[in-house]
Amino acid sequence: MKIGFIGLGQMGSGMAARLQASGQPLTVFNRSPEKMQGLIDLGAKAAQSLGDFADADVIFTMLADDHAVNALVMGEDGLLAQMRPGAVHVSCSTISVALSAQLTEAHTRAGQEYVAAPVFGRPDAAAAGKLYLAVAGKPATIERLQPLFAHMGQHSFVVAEMPEKANLVKLSGNFLIAAVIESLGEAMALVEKGGVDRHAYLELLTSSLFNVPLYKNYGGLIADRKFTPPGFAAPLGQKDMRLVQAAAENLNVPLPLASLLHDRFIRLAAEGGASRDWSAIGILAAQDAGLSS
Amino acid sequence: MKIGFIGLGQMGSGMAARLQASGQPLTVFNRSPEKMQGLIDLGAKAAQSLGDFADADVIFTMLADDHAVNALVMGEDGLLAQMRPGAVHVSCSTISVALSAQLTEAHTRAGQEYVAAPVFGRPDAAAAGKLYLAVAGKPATIERLQPLFAHMGQHSFVVAEMPEKANLVKLSGNFLIAAVIESLGEAMALVEKGGVDRHAYLELLTSSLFNVPLYKNYGGLIADRKFTPPGFAAPLGQKDMRLVQAAAENLNVPLPLASLLHDRFIRLAAEGGASRDWSAIGILAAQDAGLSS
Amino acid sequence: MKIGFIGLGQMGSGMAARLQASGQPLTVFNRSPEKMQGLIDLGAKAAQSLGDFADADVIFTMLADDHAVNALVMGEDGLLAQMRPGAVHVSCSTISVALSAQLTEAHTRAGQEYVAAPVFGRPDAAAAGKLYLAVAGKPATIERLQPLFAHMGQHSFVVAEMPEKANLVKLSGNFLIAAVIESLGEAMALVEKGGVDRHAYLELLTSSLFNVPLYKNYGGLIADRKFTPPGFAAPLGQKDMRLVQAAAENLNVPLPLASLLHDRFIRLAAEGGASRDWSAIGILAAQDAGLSS
Amino acid sequence: MKIGFIGLGQMGSGMAARLQASGQPLTVFNRSPEKMQGLIDLGAKAAQSLGDFADADVIFTMLADDHAVNALVMGEDGLLAQMRPGAVHVSCSTISVALSAQLTEAHTRAGQEYVAAPVFGRPDAAAAGKLYLAVAGKPATIERLQPLFAHMGQHSFVVAEMPEKANLVKLSGNFLIAAVIESLGEAMALVEKGGVDRHAYLELLTSSLFNVPLYKNYGGLIADRKFTPPGFAAPLGQKDMRLVQAAAENLNVPLPLASLLHDRFIRLAAEGGASRDWSAIGILAAQDAGLSS
């Protein structure tokens, strides 16, 4: 199976390295070509343009947002135009439910296949092949891809046949994580202003009911006020909350907590938080309580 | 050490049974005397009135709310009047920060001691001695009580010397749990309306990033719409959100998510949810989305 | 001056009738041609297609949403292609800030002019020429159009030169009105459940501090539970809240109250409120309080 | 009729002056005696203690909050103990529904009468006799008091027989005003960041749909960032939102907008806003948008 991988950011470079370790021929591409060097050093071939993916059997993409994916796939001489009939586009990016539906239709019309496989996990999990994948697409195709998924993640959950449902699940998952961040931020602001050390408090929480890496990691970032460098940048979090709400509005599902979270990210952006980790919304409660950082 | 235990509800009866297992003489009391039988069968002595605690060294109380604790302790011929100088009142109830401060002062003035030891965990954890305790009081006293705490919980966290800080921590913990319930409720409503099975979705979540009993248990209750019999009744959850907000207002800490949760409980109460588990707020999002239960 | 008017819905038909009363030659167009009859009866000429606006000096459009305006103007053989150089498009629809900016650019490139003139007021005010207009465009052009605006509204406020700013003002105004509806809905639910008659309560409010038609009219609709036929349909209100939030996100302005209102409309939609007046969000509080309608 | 008036703050001094103008004998009292001088100059008699109200027929009170009213009336040698049987206590303070119910019961048991007559309006309206009163009590008593009410206000609305209902109406009214402040604050932040002058925007609003002093006055304070000296101090606004929510919780009425407003006041308090007018919550949206004041 000839594999392609497009998008070598913090997440993509780790994921591509895991695919390279599968032993199958891998061609990579990135808009900023210098980011390809690491994969080339591992043995991957660098594509000069999307045309180099014409003979690929399966092409993974891991890009920042709808705009990037749309431009790459649908643009002039884009991926859609380059892929051969029968080839599979596995989209790992966190994109909108609506775009996922459009991509499904476009690839189908072109005689190609589209699988959505958004991932849960931060860059270190990507590098370690410890991601979780929410996968949706044709069952036979997914079965064929499982060995590749197994290199990237510790588990792949098959959500449905319609690819867009995997994107909905992924977005809802990021909503749940953002809810954890906000709730920890509020709780820590409360106890800290009440005179309880926030690190000791976090230790109590994560040694008992909240004994799970998610709470430990995000709680630790909030307690340490350590938001740079970002593992997942705030503007991406904001984008995801926007996509959650867009999906929710399309489905007529009012989500007051998602609205609260979205507003938190907008405020963080207004305060110049673009280069911080998305967990930085977790200090807004402390800020509103008049606690100095 | 002569031990007393007052309040044999779902939680208290399990906790008292664990203390009885410590081998030390235990006297129990409950307003509805029939609930004492189980403990008597285990070997505990039944008090006829609070006067029977006059020679106790340490008295645990586990009651429903501020009103009950206040009446028991401060009322005429109340616990405060009965306890001997030097005796310790260990209050395990989830009460307000303000009442905890008042009890500290009252016991101190009476030459007695007051320790706050609110607990995390549901009735099954209480019966199994698997609670988590947030403890605050004089260090020497807490050290003396540790063997008893060890019978009741799998871990005791010493929060501070001022008892009320343990109550603040406990309330903040219940806020965090309610936030988990609300976020799961919203996420499940969203994916379900998008065509994803909510049980499969929960399985995905709790096999990956949210692999912790808290999410499994509450997620399961929401997915199953199984809110009776209550492990922790909705009015108690509502009370705790009110106390969180009262503490937050006293400390000047605005908590928008706590406000949202509080409103959810008020709405549940208006819908007649008094006999349901507090996780029933987790179906309000589905209800607002027009999903039939 | 040859005038065109496109979009003869509840609002547009009243506005066009007022322009017809100005005595200048008026050509009208509507997708459903039967709605043109009223204007024809008043002396207007009916266009067969957009080509009939080729010699118009100024063309007003009053359509439902971005989609309709975009299709009409930018579509194949659309208004943009039909208008002569120097002609003015006056867009009265409540559309997004973003689309208004795009229209400005498109008309300018085509040597045409674009003026945004969204209106405040319900159908009766449109028919009576009692609207308020928020106008933005080139000063000289606006001055030239003032006599026409004077036929449609009791006052035109010149907001700025950039047309999109008038749309921002319009959207913010609809946000303010929706806030009035929600606040009245919550206040009435509260006092009614406390045993105060809601009609008497509204009389008290609107005879004192809130003595203004806005509170009287919307308060009356809520008190009467009279949401059909809609003066302004709920889906349009929902659309406007979405556009307010989109504009706010683009400008990095978190608006928690706008988020709350948006969620209210989504919920109303989930309950099947599409055919009701947007003031129907004003009974959700009563509903949550367990009050029967 | 011998009249008493207790509480000569910004509001009370104006109200008492209006009663003095009624020509009936007036005795006044204030904790800080120097504030009585203005009334003495107008001809009122100064009480040395509450005992001087023993022969009063009707005693008005206008105090800051529940605590002050409770202490004055129920405290040792308090008003309750001093009033003669048959005398009427007219409580104009904005207090909780619960305290109003307790006062009703206490005065009734003492053979006295209790009327709630909370007022709408700021200090200038009090001085000009232009307040609005929400009155509840026995119909015959209210009728007897109407001439006095007519000196204080431009209109008295008889709400109900149970006094506490007037307090509920008053609290709900302050909620509505706070909602106006918040909505104006959000709308102005939005348009200002979009490049529209906030003063011109307010002029547009208040010349059209929002043509009412409430919007003009509060909008003006927000546009001018003029929050000192306070006409109604922020801590009083915070107290009222707390009382609205307490009443709402007792009645099982979830009020999400009231919750939002309450949080705004808590945040203002955390930022040190105690000496500002309550309309200062109207700049929090601008602050969150990164607009400098």
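First chain written, first letter: the chains are A, B, C and D, and each begins at residue 1.
Note that a contact is a pair of C-beta atoms (placed from the backbone, for glycine too) under 8 Å apart; a residue touches a chain by one contact, two chains touch by 3 or more.
Owing to the predicted nature of the structure, the values given are computational and were not obtained by experimental measurement.
K.L.:
Of all the other chains, whose mean CA position lies farthest from chain B?
P.N.:
Computed centres place C farthest from chain B.
K.L.:
How many degrees of rotation carry the C-alpha atoms of chain B onto those of chain D, rounded to the nearest 5?
P.N.:
Fitting chain B to chain D on C-alpha atoms yields 180 degrees.
K.L.:
When the centre of a chain is set as the mean of its C-alpha atoms, what distance in Å lies between chain B and chain D?
P.N.:
The computed centroid separation for chain B versus chain D comes out at 39 Å.
K.L.:
Determine the centre-to-centre distance between chain B and chain C, using the mean Cα coordinates as centres, and give it in whole Å.
P.N.:
Roughly 52 Å separates the two chain centres.
K.L.:
Starting from the mean Cα coordinates of chain C and chain D, work out the distance between those two points in Å.
P.N.:
37
K.L.:
At least two other chains touched by the same residue of chain B: list those residues.
P.N.:
Residues 248, 252-256, 260, 267, 270, 288-290 of chain B touch two or more partner chains.
K.L.:
Along chain B, where are the residues that touch chain C in the complex?
P.N.:
So the residues of chain B touching chain C come out as 256, 267, 270-272, 288-290.
K.L.:
Show which residues of chain D lie in contact with chain C when the two form their complex.
P.N.:
97, 120, 132, 134, 155, 157, 159-160, 162, 165, 168-169, 172-173, 175-177, 179-180, 182-184, 186-187, 189-191, 193-196, 200-201, 203-205, 207-214, 244, 247-248, 251-258, 260, 285, 288-290
K.L.:
Quick one: which bits of chain B touch chain D in the complex? Just the residue numbers, please.
P.N.:
242, 248-249, 252-256, 259-260, 262-264, 266-267, 269-270
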